[in-house]
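Following this line, the structures themselves.
Common to both upcoming complexes is subunit A, partnered first by subunit B, then by subunit C.
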Partner chain A sequence: MKEKVMVKICTGTLCYLMGGADLQLLEEHLTPEMIDRVEVSGSPCLDCCNHDSSAKAPFVMVGDRLISEANITKIVDAIREELNLVG
Partner chain B sequence: MANSDRFFIEADSRSLSEKGQTVSGDVCLQRRYGGHTVIVLSDGAGSGVRANVVAHVIGSMALNYTLAGEPPLHAAQTILRTFVPDNDRPGRNATFTILNIRRNGEVHLAEAGNPSYILLRGEDEVVPVRKCIHIDDSELYVSTFGAQPEDRIVLLSDGVTMSGRMTRRLPEGWGRAGVLALCREAIEASPTVSARELCRTVIARAELNDLFSPKNDMTCAVVYFRQPRRILVCSGPPFNESQDDVLADMVAKYHGTKLICGGTTAQIISRELKRPVAVELKRDPAGLPPTSMMEGVDLVTEGVLTLSKVKSLLEHASGSDIPQKGTDGIVARMLLEHDVIEFVVGTRINPMHQDPNLPVELELRRNLIKGLAQILENKFMKEVKVQYI
Partner chain C sequence: MAVNNAVLIHRELLTRLAKLFNEGELELKIDRIPLEMRPKGAPTSRCCVYKDRAMLRYKLMALLGFNIRDEIDELTPLSEYVRRAFERTEISREPLTVVDEVCSACVRVNYVVTNMCRGCLARPCMANCAKKAIEFSNGQAHIDHTKCVNCGLCMKNCPYHAIVYIPVPCEESCPVGAISKREDGTEQIDYSKCIYCGRCIASCPFGAVMEKSHIMDVFRAFRSEKKVVAMVAPAIAGQFRAPLAQILGAIRELGFDDVIEVAKGADMTTENEAKEFVHKMAQGQKFMTTSCCPSYITAVKKHMPEIQPYVSDTLTPMQYTAQIARKQYPDAVLVFVGPCLAKRFETFCDPNADLMLSFAEVGAMLVARGIDVAGAGTIDIDHTIDSTSRGYPVSSGVMTAVKTKVGDQVEIRSLLVNGLDKAKIKEMRTFPQTCTANMIEVMACEGGCVNGCNVIANPKVAARQIADVVKQS
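Moving on, here comes the complex of A and B:
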C-alpha cells in the first residue's frame, strides 16, 4: 500500500466565500491513477486567514504544503507533484 | 425571561381556516413582557377577512390592556362593551379568552364565549373553578389558579369542539370532552409531549372530524409548564486568546444541547478539548458551507453565513414550521426545539471579513446574534441569554 496524499480543504467563512465552495468537487477532477492515492477531507478552518500575510483565501493543504488562492488546477498540480515525490 | 426557575412556559397554537377561506377568523396572540406571559385567543364572528380583522382588534385590545397592567376583568369589560351586536352588525358578542401567567406561576383567565379551557395536571384533568360575571347581556368567566410543573392549559375555539357536527360518527360534534380525551391519550402515550405537538394533534383530529373540509375556523392553543430544554450556541473566537480554555470549558460542562457556529471557534474548542472535528464534505441544499461533527457536540457549522441565513429564515417564517432542508433549516429547527437558548459570542474580529472586495457583505457577528436573539425572544417566545467573551 503506497502512502496517500492528504488534501485538506478549508471550509471556513472566508475560504468558502472566496471560491472554496467549488473545491468540494475536487474528487470529480482527479484522474483515475490519483483517486486511490489521495484522501480528501475538510477542515472547519485552517486558521490561515487570521494571520497577516499576503496569501489570500481560499486555502488548501496538500500534504504539508499550503496552497493559497486555490483552485482545482492548482490543487491537482500540487497533488501530481506530491505523488511523484512520494511515489 | 418570563419564567420562574422551576419551569419554562412553552406556548404554541395552531389554526385552520374554514374551507374556502384564505384567512382564519380565529386569532391567537401571545406575548411575554416584564415577567408576564399573555395569550389571547379571539374569535371574530363568522369567517373570512372581516372576522379576521375583528378577531385581531379584539386580540390586540386584550393583549395590550393586560400588558398595561389592567386586570383581566376590566379589559374584558371594555372589549365586551365595544363589540355589542346591533342591527348594523348582527352576530354575537365578542368572543375571546385572555390567559395571563405571572412569573410566580399564578394563572388568571377571563373567558367570554369560547369553550371552557382545559387544565391537565399530568394526564389528569383538573376541573376548572370558574366564576361567572354578567356584563350587560354577556357572560364572562374568570378563574385563577397556581400552575405546577407539568401542567398544560388548552384553549379552544368553538370550531374545534363543534367539529364533526352533522356527521354520522359525531352528530353532536366532538365536544370539549372529546378534546380532553384526545389530550389525555396523547399525554399518556408521550408524557413530555410539547405544546407545539399537542396543539397540532388536536387540530389534525378536528380537521379529520370535519372530513378534511373544516366547516368553521378552528384554533387550539396549548401552554405547557415544563422542564426547560436548554441549548448552548457558541459562535466566534474569544477576544483574548487566554479565554479559549474558558470557552472550551463551558462547552464541556454544559448540560443540554450544544451547537457550535464558526470554523475558528470549532478549531479552538477542538484544540482545547483535544477532540477532533470531522467535516462532512457534501453539498448543502442551501448553499452553505458543510457541517462537521465533534464528540460531545450536537452540531458544528460555519459561523456568520449560516447564522445570517438562520436569522432571515426565522424572520420570515410565518409559524414555527421550518421545512427547509439545508443547514439553515436544521439550525433553525434545533433552536426552536429548545426553551432556553444561551449564546456565547466571541468578539474577536477577523479583519479579512471586512475586506470590501468580498462577494457578499458579512455582518458583524455581534449585531447578527443580537438580531437573532431578539427574533427568538419576541417572535418565538424563547428565553434567550447572550454573553460575550
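Moving on, here comes the complex of A and C:
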C-alpha cells in the first residue's frame, strides 16, 4: 500500500480554460482518510495538450497515471484506487 | 461561469476560430470547423450529426458578431460572414442573440403529467383546476396547454406526485422577465426590460443565448495601422494561475501595443465616490448607492425608478480608464477586457472605449497563440494604484475602498446588495422609505465581478487570488 500519492493539476492556460480552474477546489473534496495521504500541487503545463491524440484537457497526474478530461470525481476515484481505499 | 459541455463547446469554437485567424486561413477553413468537431460517425449531442453541425455553424456566426435572426439565405457560408465582419466598422448596440437552431424550445407549460399517473378515482388534479385544463384519456391525466395558466394546483394536489414542474431555465433565471417565448417556442429578448446580467447565457443548458462577440473587430484592429490598447478589469487577477504582472504580460503578447489596468480608473472612482458621498450626506440625502455595476445601473433605469436619485453620479473604473487611455492614445482602438455582458453594453455606450473582449475570449486567444500565461513575460505593474482598487471585483471591495477614503468624515452605515434577483429588486424599490443604511454597494452578480457570466476561474478560487493581490500591493 502506498503511503502517499502526489496529485499534479495542470495549470497551463489550455487546461485552465477547459475546466481546469475548477479543479483548484480539489482539496475541499478529499475525504478525511485521504487528506494526510495526498499532496496536491499545481503544475506548469504538463505538455499533454501539444501531442496529437484524442485525449482532451484538462489534464491531471495522480501518481503515475494521467487523467484526461479531468473532473473532481475522476480525480478522487483515482486517488482512492492509488491508496487502495475501499468504497 | 460553471463549466459544462455547452461552455466547453463555446470555448473550443473560440479557440479554433482564433487559431485559424492566426494562421491566416480563417476565411478558407472556417466552414470546416463544424465538420471537424463532428466528423461522420462521431457521437452526437442532438438528434444527428447534421443538427450538431448546424448548431456549431450558428454558434460560430454569433462569435463572428452577427445576429442569428438576421440571416437571409441559409446557404451563405461562414466565410462570407468572415468577409462581412472584416468590412464592418461598427458593433451592434444590443449584445445578445438567441440561436434558434440551438434553442430547444423548452416546454410552453411548466407542468407535465408523468407516467406515474394512476388515473385515480378522486382526480384531485381535475377537481382543483379552475381553468378546466385537465382531461383524462387512456386512464391518465393530460394538461391542455391552451388552457393551463401554470398555477401548479394540479401538482400540489396529486397524491402520487405524478405531476412535475419543468422549468424553462433562461426564463427562470431572468430577474426581470425579459426573455420569453415566440410563437414557435424559441426564446426572444425584450431589450426594454433586459438588464444585461447575463444569467440567461449561463443558465441555458443548450448554450442558445450567446453574445455577439467583438473578437473579429479586435482582429481587424490588429491588422490595421492603428495602435490597439487593452484596458484590463481588475477581476483578471483571479482568472489564471499566475501573478498579475504575468497575466497582463501574456495579454500584451496577443498583440496589444499597451496594457492598462482598469484598477487605475478605480482609484478615481473611489476618490470621486467618497467626495460625492460626503457631499450628499451633508446635503441631507438619505443614502447613496455605488454606480460601478452597469447591470445594476440598467436595472435602476428600467425597473427601479424610485432608486434613481440615490445612485452615485461617479463614473465606473472602466469609464475613467477609457478617458485616461484616450488622452494618452487619441487614435488607438481601445479594447476593454472584462468579466461580463453588462460591461459589453457599457463599452458600447462609452464615448472612449471601442471594443470588448471577455475573459473567456482572451483565454481562447492565448491558447490559440500557444501562449502559456505562466511562461509569459511580465509587465511593470503600476505601483501608484491603491491596493483597494484591485479589490473592486469581489463583493464588498468597492465599499472597503470608499470607506477607507471617507475615513472619519462621515460615519458609514454600510449595506451590501450581493446579487440582484426578483426579490432584491422588489425590496430595493422600497429603500427610499425603509433603508437605514447610508451607503449601499450593489453588485448584480452574487460574489461580485469574479462571478460574471464570462469568467474562466471558479469564483471562489478567483476571490482568493484577488485577496492575495490586494494584500501584496
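A few comments on the model shown:
Definition applied: the second predicted complex is superposed on the first by the 82 of 87 C-alpha atoms of A that agree within 3 Å, B and C clash if a C-alpha of one lies under 4 Å from a C-alpha of the other, contacts with A are read in each partner's own complex, and residues count from 1 in each chain.
What we mean here is this: a residue touches a chain if its C-beta (ideal position, glycine included) is under 8 Å from a C-beta of that chain, and two chains touch if they have at least 3 such contacts.
Fair warning: this is a prediction, and the values are worked out from it, not measured in the lab.
Bringing the complexes onto one copy of subunit A puts subunit B in a clash with subunit C. By the touch criterion defined above, A:66 reaches neither subunit B nor subunit C. In the superposed model, A:24 makes contact with both subunit B and subunit C. By the touch criterion defined above, A:14 lies against subunit B and subunit C together after alignment on the C-alpha atoms of chain A. Applying the stated contact rule after C-alpha superposition, one finds that A:40 touches subunit B and leaves subunit C untouched.
In the superposed model, more residues of subunit A are touched by B than by the other of subunit B and subunit C. Once both structures are placed on chain A, subunit A residues 11-14, 16-18, 21, 24, 42, 44-45 are touched by subunit B and, in the other complex, by subunit C. By the touch rule above, subunit A contacts subunit C in their complex via residues 11-14, 16-19, 21-22, 24-25, 42, 44-45. Interface residues of subunit A, counted against subunit B in their complex, comprise 9-14, 16-18, 20-21, 24, 40-45, 47, 49-50, 57.
Across the complex, subunit B meets subunit A through its residues 262-264, 266-267, 270, 277-283, 287, 289-290, 292, 300, 302-305, 350, 352-353, 358-360, 362.
Residue ranges of subunit C in contact with subunit A, taken from their complex: 2-3, 8, 11-12, 15, 239-241, 250, 360, 363-364, 366-367, 371-375, 456-458, 460-461.
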